[in-house]
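Dropping the structures in below, format is structure tokens.
Paired with chain B in one complex and with chain C in the other, chain A is shared by the two complexes that follow.
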Partner chain A sequence: MSLLSGIAESTVRLATPLLLAAMGEVVAERSGVLNLGVEGMMLSGALVGFAATAVTGSAVIGFFAGVIAGMSLALVHAFLCVSLKADQVISGIMITLLGTSLTTYFGQSWTGENIDGFSTIAIPALSEIPVIGKALFAITILDYLALLLVPVVWYLLFRTNIGAEIFAVGEDPETADTAGVSVFRIQYACVLIGGAFAGAGGAQLSLAFTKFWTSEMTTGIGWIAVALVIFAQWQIWRVVVGAYLFAAIDALSIRSQGSVDGQLLGQEVLTDLVNFLINPQVMETYPYIATILVLWYVMRQGNLNELGAPRAMLQSYSREQD
Partner chain B sequence: MINTDTILELDGITKRFDDVVANEDIDLSVRRGEVHGLLGENGAGKSTLMNILYGLYSPTDGTIRFNDKERSFSSPEDAIEAGIGMVHQHFMLIPRMTVLENVVLGERESPEGVASVNGIAGSVLGMFSRGRETPRERVESLAEEYGLAVDPDAKVWELDIGERQRVEVLKALYRDVDLLILDEPTAVLTPKESEQMFQTIRQLVDEGLTVIFITHKLWEIENMADRVTVLRDGRKIDTVETESVTQGELAEMMVGREVLIRMDKEPVEPGDPVLEATGITARDSRDVRTLSGVDVTVHEGEIVGVAGVSGNGQRELAECLFGFRDLENGSISVRGEDLTESPPKRFIEAGVSFVPEDRYEHGCAPELSVMHNSSVKDYRNGKFEGTAGLLDYEKMETYSEGLVEEFDIRGVSSVTETEAGELSGGNLQKLILGREMNQEPNLLIANQPTRGVDVGAIENIRKLMLEQRQNGTGVLLLSEDLDELLDVSDRILVIYEGEFVHETRPEETDKWELGMYMSTGESPAEENAQVIEEIQ
Partner chain C sequence: MNVSVDLTSRESIPSWLAYGAPIFTIVAALVVTSIPLLWEDLSPLDVYTELFVGTLSDVAGISDVLRIALPLFLAGLAVYIPLKAGIWNIGAEGQIFVGATVCAYIGLNVQLPSYALILLMMVAGGFVAGLYGAIPGYLRAKHDVNEIISSLMLTFAATTFLGYLLRGPMQGSGGQTATESLPDRAELPTQFPLVGEIHPRLHVGVVLLGIAVAVTYILMTKTRLGYEITFIGANPEAAIQAGISKYRIYIISFFFGGFLAGLAGVAEISGVYGRLFEDFSPGYGFTAIAVALLGRNGPFRVLLAALFFGLLRAGGTTVSVSFQVPSALVDIIVALVILFLLAAEFLKQYRISVDLERESEPETSPGTEEPV
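Let's turn to the complex of A and B:
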């Protein structure tokens, strides 16, 4: 029982940064701007959040500093892609590389330090529920915040005028423009929201999860978030499912010993296979394989529209370019 | 002197794109409550001028007065605010959104209660809420009032072309415009849908709206417009009362010379068959059988016309005969060589040229230069071979420049820089035709070569096809334009639901008879005659 509840608990905590980053990515991509800089934005959120907390002693201030760090890099991305019409893929990768190297350099002096960070808040009674109690009701404020943001983002995207405008811009910016929607403002806002969410996800890692800083501590969560958006076909509720699924795999791989004792069904080949499959390094590839499977499953039916990708993603729009 | 009867006054509008002058010193005055035609060939600058008025482009020079105030629109939002609506030539609709969502897009309709909040709080609430009940009622009542029936909850991709056009008009009306710009609204409509469209326009004008109607179809101007302004090569030629001019005079103003709409064709003795296709059966992209056992033979020096209402298998037929679509059954041979189930490359090698229906999708690579597009069928045959197996770009450039010159392709500032997709529809079509005809083909398959092309270019394209015929090329011409078929064909086949239902010669038939076969698949019966006459 304690093993299961342990896995459940780390699943929820591991899911938070993934959920935050992926939700932000959905918002950005729905406006037609692919953001491959998530990993870099998360790292800068993690380091700046950590440093600000260590200096001020307040995790809340640290958290917001992390959010702003994510947004600053997002502003660079928006400026390059929306204002200058640069290639979104190149800009995004550049930002991830930039974020990684900057945080590695400036993070040196923070390595080894400890902070109090965010502590868990247990909801009485509910947190006593076996297995899932601690996982869902004895978590930090940031984990609650991520879950709370799910319906908020969903509402924003699917139940508001601005949500319809974001969708329209991501589908066909020219049409949105002729209907009087400011493509420029919408795309900037969405990329910045994406950066804020990525920064928040990074800050959660260093402030609530590990409570220390180490370089490249996001270990690819930003990339998984990008894959998760495709896996979820740009739907918020699927992002939630995917985030928990991927986090559960991650939680399992951390606890996995990488080997099964004894003979499984008496067959050596099978034992080897299982050992291979539960090898932590192999398990890390599962989110990507799952994404490929979703792509395969959807594209097998024939067309890109059914995948749900915003149609104008990667295109830069300018009026006088007919 | 400002006349209050004038709703719009453009003064000295000039627009340059880098070196290309799209509009030069254009003055335009539109009276309140009129239908003002804007006539010109493709690439004459009509759409550019209207995009300036709609705030999409900013003019290099000149002023706009609208409703007695000088305006400068920096975005469509400003133009909409001022009371200008525009229905673009290409639909400006989001297919994955519903009709209602498309109509209200950008308006930020709030639910009742929120709508009454003013100021900043009101606009923030407007962004983060959504009201659809009142807008829905308004859309429904507008639709009813103007005969623009369409289901507000249908997704736009589910609608046919006519319905989409109605949504576009609804979108403009919903925004309470005083001036409605229609950019070639009938280009994609069937004659019946066009008639409905005209009905709606008349009703709108009766209620005090002003309409600017862009077209290159002369009869539409004659039918609809009170006055007409003619543009040519980015300049204004004149504004005239429609009643005071004939179609011929308008055509001359538009093209700058006398236009021969009817062609004289010299008799050519057909030679050996170049194309023999038998029992062609094929399915369309949705896996519906659209051709059921069709036979076609085309001889050297013969133009065979295929008449039919769009969607009766013409597209599939053209694609099958070029190896672009798989046959379910049947065989194809070109000059005696069996090409059944061969890829397009073999057809090209056998001397088959192809002008596809969709010139942007299949006729060119829109983002490549004019040079690349004009040499795309020749790079393999050694025509442009340079040293060490590389292509000689200078040869390609010279060749392409020659092609642009010979076929009078306009809007090309540099063959290496101008992208094919930047050309206007008619000029792109000339580029494609030029490329295909320079192959000196044995067989030319042309699907709707003159659709959406202006009078001057149509004349050229028909001439080119007749020249090919003179040179002994066999031509298969698929067209919806019956005048064209009657004019240039030696033989006409009528296709109906994937089968040829009638074969005739131009001198033995007329539009009326062909129309009857096309729409019913049967020979005209006496009692139907009157109905047809009414439609015509």
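Let's turn to the complex of A and C:
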């Protein structure tokens, strides 16, 4: 029982940064801009959030500082990709490299420091429910915030005019432009929202999860977020499911002993195979492999609409030509 | 008063821009990097002098530049060749890891005389990495799966899987996440034929710099395959009309790319580290994207770009030791150089004119005045 609730608890906490970053990435990609800088933006959110909390003593100020840090890197990405029509892939990867190296450089003096950060808020009675009680009702305000943002982002994207404009820009910027939608403004806003969410995810890591700073502490969550968006085929609800699925795999792999005793169905080969598949390190590759499999499976049907990828993603739009 | 900014596509790139742009990007990156240096109370001028002049003033420094340029160049070609076919190989990092893993496995388990063993490691490491690299090419050719995303995902699959191998089947004694050291016969020697040893850190693998540039040059300009790769990249529809198989070209160019990146992994393990561990590559495969971008006009340019980034990394390591700054400084410079390069690309492609007086005109519908 306590093992199960332990796994449930770490799943929820591990899912928060992933969920935040992936939701932001959905918004950015929906407008047609791929953001591969998520990992770098998360790291800058984590470090700036941590430093601001340590200096001011307020985790709330720290959190917003982290959000702004994520947005500043996003602004660079937006400027290069939207205004200067630069290659989104290269810009994104280099922003991750920049975020990683800058935080490693400036973060050195913060390694080893501790902060109070955000503490868990337990809702009376509800948090006593076995297994899922502590996981869902004794979490930090940032975990609640992430869950609250899910319907907000969904509503924004699928039920508002702005959401419709974002779709139009991501699908066909030329037509959107002719219809009077400001392509530049929408894309800038979406990339900045993506950066804010990534920064928030990073800040959650250093302010609520670990409560210390260490270089490269995101350990690839930003990349998993990029994978998750494709895995979820750009749908918010699937992102939520995927975030918890990937986080559960992670939570399981931390606790997994990586071995099954005895023989499975009397087959030694099968036992070995299962042991291999539940090995913690092997499980870490699942999000990436699952993403490729989803892409492959959907594309094999030959239906791009079913994939849900914004049609104009990776294409920079300029008014005057082609 | 209306302010309007006009962008016109350039028909040709003026020569001052073509040569000025790389210099501008490097200078701009170094200027911005002064901020973190000043933060540490260091004189940027001293640091940069040491980084560039200091590194190139002795044999040890030049050897380091060449040694680091080798994986950058091979991985750069791994991006360059598919790029010529119009597809992006973002997965050179993963292909380096695959090549390195195969290299370590063979080096530890196969009993052969040194030359045969090293040859086998190179061929097998390159071949397996080539197959791994060919996966995104196949998925793109066959099912139109975006090769950028699949090659990126395969990179992380490979790097995390190495974590498993180094904690499980391939872990050496001593409890570290690393393999055993390779036997001497599996290591690339530092004795060059005729010349002898130049520097203890410079292994004979660097001759691959010359071989790879020549082979790639001949492949791309003198062979039918190279012609088909460039044709597909320049005009896919016309190329297919002409009977060139997109399927074949995508898979082959990704295979070649993976092969070269795999060789880079072999050179690192067999020539530099002598064993396999988790973080042996400081993101060579990602810097390689920049190398290919800078050098996309030909393999010699790719080589120049690799040497430049090799110099940055070799000099950066020296500087971080002598001035006691975090070695992440190098990555800051690399990232900034490329970000500024992207900005400079824009200047190359568009002429910008700012007009303060022009009345705003009604938008003409796009597509009506398309340039021919």
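Definition applied: the second predicted complex is superposed on the first by the 311 of 322 C-alpha atoms of A that agree within 3 Å, B and C clash if a C-alpha of one lies under 4 Å from a C-alpha of the other, contacts with A are read in each partner's own complex, and residues count from 1 in each chain.
In this section, a contact is a pair of C-beta atoms (placed from the backbone, for glycine too) under 8 Å apart; a residue touches a chain by one contact, two chains touch by 3 or more.
This structure is a prediction, so every number in the text was calculated from the model and none was measured.
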Quiz item: When the two structures are overlaid on chain A, which partner does A:177 contact: first (chain B), second (chain C), both, or neither?
Solution: both
Quiz item: After superposition on the shared chain, which partner residues are touched by A:285: those of chain B (first), chain C (second), both, or neither?
Solution: second
Practice problem: Scan A:84 for contacts with chain B and chain C and give back first, second, both or neither. | Solution: second
Practice problem: In the overlay, answer first, second, both or neither for which of chain B and chain C A:161 touches. | Solution: first
Exercise. Mind telling me which of the two, chain B or chain C, contacts the most residues of chain A?
Key: C
Practice problem: State whether A:105 touches chain B only (first), chain C only (second), both chains, or neither. | Solution: second
Quiz item: Of the partners chain B and chain C, which touch A:300 in the superposed model: first, second, both, neither?
Solution: second
Exercise. Classify the contacts of A:223 with the two partner chains as first (chain B alone), second (chain C alone), both, or neither.
Key: second
Practice problem: Starting from the residues of chain A touching chain B, keep only those that also touch chain C in the other complex, and list them. | Solution: 174, 177-178, 319-320, 322
Quiz prompt | Residue numbers on chain B that touch chain A, as the complex places them | solution = 17, 54, 56-57, 75-77, 80-81, 86, 88, 92-97, 101-102, 104-110, 126-130, 171, 422
Quiz item: Okay, in this complex, where on chain C does chain A touch?
Solution: 7-9, 36, 39, 88, 90, 139, 143-146, 148-150, 152-154, 156-157, 160-161, 163-164, 167-168, 283, 286, 289-290, 293, 325-326, 328-332, 334-336, 338-339, 342-343, 345-346, 349, 363, 365-367, 370-371
Self-check item: Residues of chain A that touch chain C when the two form their complex
Solution: 36, 76, 80, 84-87, 89-91, 93-95, 97-98, 100-102, 104-106, 108, 174, 177-178, 215, 220, 223, 226-227, 230, 279, 281-282, 284-285, 288-289, 291-292, 295-296, 299-300, 302, 309, 314, 318-322
Practice problem: Would you tell me which residues of chain A are touching chain B in their complex? | Solution: 156, 159-165, 167-168, 171-172, 174-182, 305, 311, 319-320, 322
